[in-house]
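The data blocks that follow each hold one structure.
Look for chain A in each of the two complexes below; its partner is chain B in the first and chain C in the second.
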Partner chain A sequence: MHPSDDPGWAGKGWSMAFTAYFILLLIYLLLPLLIVIPVSFGEDQWLQFPPTSLSLRWYRSYFSDPGFIAATFTSFWIACVVSALATVIGTVTALGLSRTRFRGKSLLYGFIIAPMVIPIIIFALALFILFNQLKMTGSVAGLILAHVVLALPFPVLIVSAALEQFDTTLERAGRILGATPLRVFLHITLPYLAPAALASAIFSFFVSFDELVIALFITGRWDTLPKRIWSDLRLEIDPTIAAVAAILIAITLIGITAGELLRRWAMARAAN
Partner chain B sequence: MRKADIQTGATVDFQAVGRSFGKLDVLKDFSLAIAAGEFLTLLGPSGSGKTTALNMIAGFLQPTSGDILIDGKSIASLPPERRNVGMVFQNYSLFPHMNVFDNVAFPLKMRRASAQLIKEKVEKALELVHLADYAARMPTQISGGQRQRVAFARAIVFAPRVLLMDEPLGALDLKLREHMQLEIKRYRDEIGCTMIYVTHDQGEALTLSDRIVVMNNGRIVQIGGPEEIYDRPANRFSAEFIGENNILRLQPNGKAGHWVIEELKQPFASPAAAGPAPQALSIRPEKIARLKAGEARGPGSIAFDATIAEILFFGDVIKYSARLADGALIKFKEHRAAATSVMRVDQSVTLAFAPGDAVLLADE
Partner chain C sequence: MMMNEQKQARSEGSAFWLLVPAILLLIGLFGYPLLKVLITSILDPGFTLAHYLRILDRPIYLTVLARTVEVSLIVTALCFLLGYPAAYYLAHCPPRLRTYLFLLILLPMWTSLLIRSYSWIVVLGKNGVINLGLIQLGLIAEPLQMLYTTGTVYLAMVQILLPIMILTCYGVMIKIDQGLVRAARVLGASAWRAFATVYFPLSLAGVSTGAVIIFILAMGFFVTPALVGSRQDIMLGNLIETQINQAVNLGFASALGLLLLAATIAVVMLFRAVMRWRFSHASV
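So, the complex of A and B:
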């Protein structure tokens, strides 16, 4: 080893401390998930860890509860609509931002990204006041609009990153080879952006699917899945919640992993 | 064998074309008539306006003044997709989500050709560039040289009458570049279209072109065939930009057609040429010979003493840089067969050149 490569004892100490810190942080983040999954497979009447015996009792209880199923479907289709709207609007916005120069562009960019940094409770409260004025509380359209705003930073950021790597000479090549601007967009630009847009759609879906605070403020009488879980938790702590949580964890894990793989693929392909 | 009857080139005429970006004029009063089927190279340093001229034929840029005609018809109002011009880009610009076949098929699909015709033409184009077996590969699965050949196939598959090439070999390494120059010569013999080639590489320009247009600062500096451009540079810019050259300053000697070469302190005479008064002469390194001890100089030749300052050994050729009495450096070349041995640094030599090999240059 080259002498200057040796971090020395002090360096080794720091690197060990960082590794320990990282492991502790992972445990802290993952422990609740690791507990809820075995609990969901328990037989006991109450939430208990470790479970005394295993069964699918609470999964059956979830699938046979019409309230839970209805809330799940509501959340699912709202998330699908939000995902589609946010992806289309976000992709068009990213295209517009990448191809124009104007004063206040970075301000507009910041404005679109704002929902990522504004505390969600502030956003929810503001929406509540606004929707009250507009008599929109309790409307599905209102919740969809709010979720689209909340999800929009994902498609804008992901598609912008892909566009930054995009070689616009490809569009020139398309034109000189005989394609109109519209066909260049459909045959060259859009296929290039497809993985980034699909990743955006998945992330946007989950922004809406597991969103609780805004739903609590503005949905009124009907339930989304997170809202239903929340109200169940307040009334009684029943292991059905653990089963729902386990299902949610599984779906989210698969979805976000797929989204992240797509995003990385989009970036790697752009780098070629 | 040329199959010019299959595909014939179009003429391209620049008529006093100008282009400015804001206050910057990148092309000034550019007039040029390109013959049908000609291989013409726009040669110049970056910022000379050569790529701007090319992009205006493609339709990516509009002239701010003047007009461009293809086959005598103005193309000003035609968008790029309706100009029927092929183009090869420096970075290949293959569509990354399409395989080789689909890339080459793209211009035909845009022209709504039948599947049968597309298949025939793509196969023929891939055969021309020797990539018939690569149709199913993705662009990432082939080498740089192969990508550029696919780009050529894609640019000519729809039988354009003009093919534009924007530094197509710039991204390739030296060996591959030389190989691709031979390939391009072959393509041009097999397809008869007009080819307009942009490069800053004077070697490429000399090898490939029928005619070379030397450009600098948005203006045409000289137009001519490769030999003419090399042997008779019209001015100092051409003399310095194309090939290696020695530029020596001339001082008027009172009499018309007589000067003193400043660096050599020797008289130089030439029939006074019309046009601007020459301020310098250029002499190619290969035109300067070393006189062996006791060897008589040729009648009328200009001889001078120098000391070897630098030696570049190329195997077949040795390039020397020698210091003159006044400190200036002069380059000369010797072929290995003629040279008895490689000289040493600081060795004294006597060099000579024939006045007829020197070219008189005005500054502009």
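So, the complex of A and C:
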């Protein structure tokens, strides 16, 4: 333990016990996910760990199922659009929040965060009623906008945190030296915000890509990947799901590690 | 000076426009639809309380509501008990190690909720990893029934929500001034007393934020109970889903949704009041 962090009551025995406890907790959080990966390379109809013989049977089964591939593709491009929209709107909102002072600002802040902390089933129900009335059930645009609302808290929070440490004298210097506001934004503000915005884009992508409940309520007939997995899990559990799960876990691992490192880099750079 | 202020006010006025897209989006796709839920619940097609009376008509709805609140409270308490020490560890371990441990907490948090529920099927199912392992070792002859039980619902829900408690507690703990704890120790407080009277009250803000978020999210769960729970483990969310996707009774689904929302808000407000009361007494 770092001396300045030592609270003064954690003796050596305590510290060992704490470490052991933390490791056990990590096992609880991670082991079920990690087990899915070797299981997905099994040969048998029944999942086994360790698998008796290795094969790519379930991966072939996934890649040769047109329904699965179409659902994956749909989820992927929707998540890309959501990510771009949420990042742009979220960045613009964070800029607006950092440059204005008005009564009710914290109320607006709460309103922006609300979709993240309301039971999602109520949000989904509300959207179902809205789209039903507008005769928009099954609309892709509807799902995209709904996901943007759901993802928006992440860009707003991440970019706001970066802006808190932004030195606005740089912008003023640019203006005094004769640059147009647009030029200042493109050459000073935007490069500064780029890592935070990129981190936001990654997190927003996953909000949309993994979202089931809203899609289940408002998409009508077509499938997204989570919807397809859900219906498979409710009918019969085919090991193909293990292969899909393993791919998703790997993608999440890479994406979230990149997103988090970018976010940290953005914060560390801002602090200097 | 005057001119400068005017200029500042003008630039603030134009910055205000930056907030417009988000406000429009939130009103159109969040505020307004939620209002629609309220309206739909009291129309059929004219004003009626029939949907609410139907909830009282049969005991199942209130029984399920009570169970939903109970499960959510227990899950929240378990997340606190398991997550608080973990957050403490994270906040007080060497900074270099912290980055990696933090990532290990984030990873399961961002993995699809469906996949995390599914992973419990792989581990605990009749042909799951644990059952096959125990049979191979000769410890049991028949597979144990672990999946589709209430215990598994708790196991899976706590695993899904726990990272939130760890992160909110960590966020507050990292900002606690260790000098205060040392001061208490220097003044003769035992290690335990310094923790209980100085550190813990300061960290409560993180605990209460985490608890509120976890409770709210738990109240709306329906995917996990449907996948790993038994028939008796359904939550209010499952009933709402049935009303939407099978019965297509929007009025009744809305009434159930508002019941869920009202119960959630009531418990959160009660919790906040208790915390405030405890706080004002603790500081005396």
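Here is the rule we use: the second predicted complex is superposed on the first by the 251 of 272 C-alpha atoms of A that agree within 3 Å, B and C clash if a C-alpha of one lies under 4 Å from a C-alpha of the other, contacts with A are read in each partner's own complex, and residues count from 1 in each chain.
Just so it is clear, a contact is a pair of C-beta atoms (placed from the backbone, for glycine too) under 8 Å apart; a residue touches a chain by one contact, two chains touch by 3 or more.
Please read all numbers here as calculations on a predicted model, not as lab measurements.
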{"item": "First (chain B), second (chain C), both or neither touched by A:241", "value": "second"}
{"item": "First (chain B), second (chain C), both or neither touched by A:180", "value": "first"}
{"item": "Chain B versus chain C as contact partner of A:29, first or second or both or neither", "value": "second"}
{"item": "A:188 touches, of chain B and chain C: first, second, both or neither?", "value": "first"}
{"item": "Greater chain A contact set [chain C / chain B]", "value": "C"}
{"item": "First, second, both or neither for A:161, with chain B first and chain C second", "value": "neither"}
{"item": "Which of chain B and chain C A:19 touches, first, second, both or neither", "value": "second"}
{"item": "Contacts of A:119 with chain B and chain C, given as first, second, both or neither", "value": "second"}
{"item": "Partner chain(s) touched by A:233 [first = chain B, second = chain C, both, neither]", "value": "second"}
{"item": "Chain B residues within the chain A interface of the complex", "value": "58-60, 79-81, 83-87, 89, 91, 93, 95-97, 106-107, 110-111, 140, 154-155, 158, 164"}
{"item": "In the complex with chain B, residue positions of chain A that touch it", "value": "167, 169-170, 172-180, 183, 187-188, 191-192, 269, 272"}
{"item": "For the chain C and chain A complex, residues of the former touching the latter", "value": "11-12, 15-19, 21-23, 25-26, 29-34, 36-37, 40, 82, 85-86, 88-95, 99, 101-108, 110-116, 118-123, 125, 127-129, 132-133, 159, 162-163, 178, 181-182, 185, 190-192, 194-195, 199, 212-213, 216-217, 219-220, 222-223, 226-227, 237, 240-241, 244-245, 250, 253-254, 257, 260-261, 264"}
{"item": "Partner chain C, residues of chain A touching it in the complex", "value": "1-2, 4-11, 18-19, 21-22, 25-26, 28-33, 35-36, 39, 46-49, 89-90, 92-93, 95-97, 99-102, 108, 111-112, 114-115, 117-123, 125-130, 132-133, 145-146, 148-149, 152, 156, 203, 206, 209-210, 212-213, 216-217, 226, 229-230, 233-234, 237, 241-242, 245, 248-249, 252-253, 255-257, 260, 264"}
